[in-house]
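The first chain written gets the first letter, and so on, giving A, B, C and D; residue counts start at 1 in each chain.
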Amino acid sequence: MISAATITAWLHHAATLLDEHKAYLTDLDAAIGDADHGVNIARGFNTVAQKIAAQPSQSLGLLFKTAGMTLMSAVGGASGMLYGNFFLKAAAVAGDRSTLDDADLLAVLEAGRDGIVQRGRAELGDKTMIDAWTPALATLREALAAEQPLTTALTRCAATAQQAMAATIPLQARKGRASYLGERSVGHQDPGATSTYLLLRSLSETVSNAALSTQDQPT
Amino acid sequence: MKKLINETDAVIREQMEGMALAYPDQLRISTEPKFIVRTDAPVPAKVALVSGGGSGHEPLHGGFVGMGMLDGACPGEIFTSPTPDQMYACSLAVHSGAGVLLVVKNYTGDLLSFETAAELLHGDGIPVRTVLVDDDVAVKDSLYTAGRRGVGATLLVEKIAGAAAEAGYPLHAVAELAQKVALHSRSMGMALTSCITPAAGKPTFDLGPDEIEIGIGIHGEPGQRRIPIIDADKVTTLLACEILDDPPYTRIVRSFDPETGGWVEQRLTSAPFQPGDRVIALVNSMGGTPVSELYTVYRQLAAICQQRSIHIARTLVGAYITSLDMQGCSITLTRIDDEMLRLWDAPVKTPALRWGV
Amino acid sequence: MKKLINETDAVIREQMEGMALAYPDQLRISTEPKFIVRTDAPVPAKVALVSGGGSGHEPLHGGFVGMGMLDGACPGEIFTSPTPDQMYACSLAVHSGAGVLLVVKNYTGDLLSFETAAELLHGDGIPVRTVLVDDDVAVKDSLYTAGRRGVGATLLVEKIAGAAAEAGYPLHAVAELAQKVALHSRSMGMALTSCITPAAGKPTFDLGPDEIEIGIGIHGEPGQRRIPIIDADKVTTLLACEILDDPPYTRIVRSFDPETGGWVEQRLTSAPFQPGDRVIALVNSMGGTPVSELYTVYRQLAAICQQRSIHIARTLVGAYITSLDMQGCSITLTRIDDEMLRLWDAPVKTPALRWGV
Amino acid sequence: MISAATITAWLHHAATLLDEHKAYLTDLDAAIGDADHGVNIARGFNTVAQKIAAQPSQSLGLLFKTAGMTLMSAVGGASGMLYGNFFLKAAAVAGDRSTLDDADLLAVLEAGRDGIVQRGRAELGDKTMIDAWTPALATLREALAAEQPLTTALTRCAATAQQAMAATIPLQARKGRASYLGERSVGHQDPGATSTYLLLRSLSETVSNAALSTQDQPT
């Protein structure tokens, strides 16, 4: 079971990890975009972390909604709207639940991903964050279907995201700013797919940590 | 970096405050969230026009707020889309009951934000429509890219649709006219130099002392190609021919349907220019190019249009849609009919465009 | 050098031709000798206003030709005075019988040329007067220099005297009013960067990456002093205080007497600004500075004026008197009374200044 | 006796000499002005040379008037107006004469100098071309009064102009563009005084040459 505390921890950890990789993400965006992805996304998630620290909540729906609204009003780039939509759709599925079981978590993440597709209309292979989300969530779904423990399933999910992120390198961009480069976008890793990997990695790491501390404690 | 600014974080807010002080009778601003509205908004029974986009393109859009043009504008950070909360709050401030038209330049960030804002406004029971401006012929196809960027045509859409709203056209008619102006417009730009954003403090891209960038966007995005420097007549010929020879351009435009609250996808085609067309011509400075140089460009543009029997009915020469201090220019041609010309000529009173009043 | 120009020799002519094409209903040009006049000149029974100066300061003066402002403008080569034959031919083209007022910026070359033109016109029996504009407070004394340079006040003189002429004031009254506007105006400018003339192809002066030039003229002349770069508020405070703290300024002005055909020397003093004064404020870009940055300057200027009980009645923010692509700005304040304000608000229709029509 | 041919030759020689010193004059102007004096003055006198070659005249009044009008309409700087005025005033004194005796020449030059003063209102010591004209013409007047031959008198006149030109170096400019520099104008030679020296030197050289060829020819 994933608690509101774990989701809160995830969002804080994501903010830290994205902030640490701010320059890296911005450099990736400099090559095929407008050199602001790291700055955008770090500012966005740092604001989310502040907001949820100031207004803690047990309702996952509220937590996700705060994250979504904050990203939308704090980022102002394509990614802010897309990640914002991710969390708004996730919020709709989470509702007023205060914990998520494995199936809930998968449903929440898939709804979020669908929200990105709905808004951004990217298809697989367009060299966007969707190229990381879709294979990574497919892995998660398979692993859970194979009854692997959540921590393992999330670790494999993040690993797939990492591979998928690297697999955007040979693609030609067909959405977002990078698409204007046409063939010149080939040979560069998509910044949004990279931040998606970092988000999923931080989720996996946070859930593993939470599981560890739960094992440590006598229940 | 040499700029007339104070703290980098405060640039947009302070510029907005300066505008409000300079035009106390015309403009009112909100800084949290950021938007600029005309003082007499909401104007009873008038469709409200709201636009917005990244800052750094001034006078677009704030300089076009006022009688006969925009009711509100939402400035983002420099070269960064504004956010839906700005568009939402701004629209609420100017909506009089006759509905809101959101004028959206085709950049992914802008588009997604305005789409969200439209849904929020619809949720509040406000009739809302969207129009997409995508006139930059430097982008060749719409299938494998995010589509043509919105550039110079934005001014024409805002002026003509603004006049229509002022004249009492209902929401659907203002929206249709706005879309028609966008479809009838084609633009192309070039840069002599890069620009410097306050945040970066160094040129956005490197351009050699003997190079120019053709097909530049307005954010210092790389253009279509980089070529050795050529003279003004050749630059003009190059831009004008890209515009005049541009074949039919088809794209899927997603627009908001206030009846259903959903999105409708339409396949829209811009017809190419034809001999006999009447046009409005805009020769625009990217910011750092002095207006005097634009007249050399216009001189050659007029000659080319005459050769091809394109009749320039109205002309605008100046710095209207800029990229900070970038040197360079863009050309926009908009095919017009009598209605559009009448609305173009209608009175307008904004900081950057004013006539008839 | 990167500029939108063709042959260096043809720059001014081609820019003029572009202007004439862009404003076919408003402007007519002559290229041999070079001048620009409004299409409806000579306007019957109206005093004609003629100005001119080196090119590179656009829109000054050609952009101010039209209803309610100048009848004619004579562009010199870049940063070089026009010649008496231009002024003579231009004046003949616009003179309707009510006399000609020559608006002269105080630069030795301009002054000597306009003086010669005045004598030539007088020789033809045309009533002619001259007004000298010398508002640049960066120049401290008039005894040991050629006197203060004419900068931003030129726009105010041309607008207000132009409206007076349009309203039917006789020659002597237009001239007196023009001189009053000049006397009531003070300006100061600064540069962030140098500018590049087409002929030289390299920056007119060297300015380090962390230096700015205070008290710059509009020809890339060295300014008053060079200081390390400071933020927009400090720049504004510095310029505004030079203007507001400037003591009485006395100079000998030589003006043409159409009765005697000779020159009359008058000792004229500009009184300093006082709390309670009403002013028109002009915040001007030197050409390469985007207009957005001027609003930060205006924001601070408004605060300083409020502190000192100087009431800003009207504001103009934009690129009006430039130095090619130089980055920087200037501030002009003009003390006004009701008559001047009424004439400022009067309709004007020129390429660069337009309202009320 | 100075003939129209000699005056024509002087103007041609002046154009050549000023053109040769174009860069030098412009450099002097760059230091304390706007870097155009050489370009201005060379363009002006070259146009004069073309004009008088196209429309030769025996009337010295007409020759000088053509020179004056041409300088005024071709130069567009302070110096164009001042030299233009010089020739217009010289024309008024020369009238329809076709030769000048020594006294006429002095009168013509002094009238021209007075025209410069009238228009430009410079006083001695203001660091302008007047600082060359006035001492140089004083020397010419003295030399002629002492009944020296014209060639000698003109040579001494040019020599004084050269000294006077150098003597502008320590002066602070009080007229023209250079005056805006205040004390910073000290230490630089005035461009206009320099072109005045070149004008007087070309006059002296032309008259000497003419005298030589007259001596050569059996009369």
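Heads up, the rule we're going with is that contacts are C-beta pairs under 8 Å (C-beta built on N, C-alpha and C of every residue); 3 or more make two chains touch, one makes a residue touch a chain.
These numbers come from a predicted model, not from an experiment.
**Student:** Keeping to the contact definition above, tell me which chains border both chain C and chain D.
**Tutor:** none
**Student:** Between chain A and chain D, tell me the centre distance in angstrom, where each centre is the average of that chain's C-alpha atoms.
**Tutor:** Computed value for the inter-centroid distance: 82 Å.
**Student:** Between chain A and chain B, what's the gap in Å when you average each chain's C-alpha atoms?
**Tutor:** Computed from C-alpha means, the inter-chain centre distance equals 33 Å.
**Student:** What whole-Å value do you get for the distance between chain B and chain D if each is reduced to the mean of its CA atoms?
**Tutor:** 58
**Student:** Which label fits the chain touch graph of this model best, line, ring, star, complete or other?
**Tutor:** line
**Student:** What pairs of chains are touching here?
**Tutor:** A-B, B-C, C-D
**Student:** Across the complex, what residues on chain B touch chain C?
**Tutor:** 2-7, 11, 14-19, 21-23, 55-56, 58-59, 63, 192-193, 209, 212, 229, 231-233, 235, 283, 287-299, 302, 315, 317, 319, 322, 324-325, 327, 329, 351, 354-357
**Student:** Tell me, which parts of chain B touch chain A in their complex?
**Tutor:** Result: residues 33, 54, 76-77, 79-86, 107-109, 112-113, 115-116, 139, 144-146, 149, 199-200, 204, 217, 219-222 of chain B touch chain A.
**Student:** Given the complex with chain C, which residues does chain D contribute to the contact?
**Tutor:** Spelled out, the residues of chain D in touch with chain C are 34-36, 39-40, 69, 72-78, 80-82, 84-85, 119-120, 172, 174-177, 179-182, 184.
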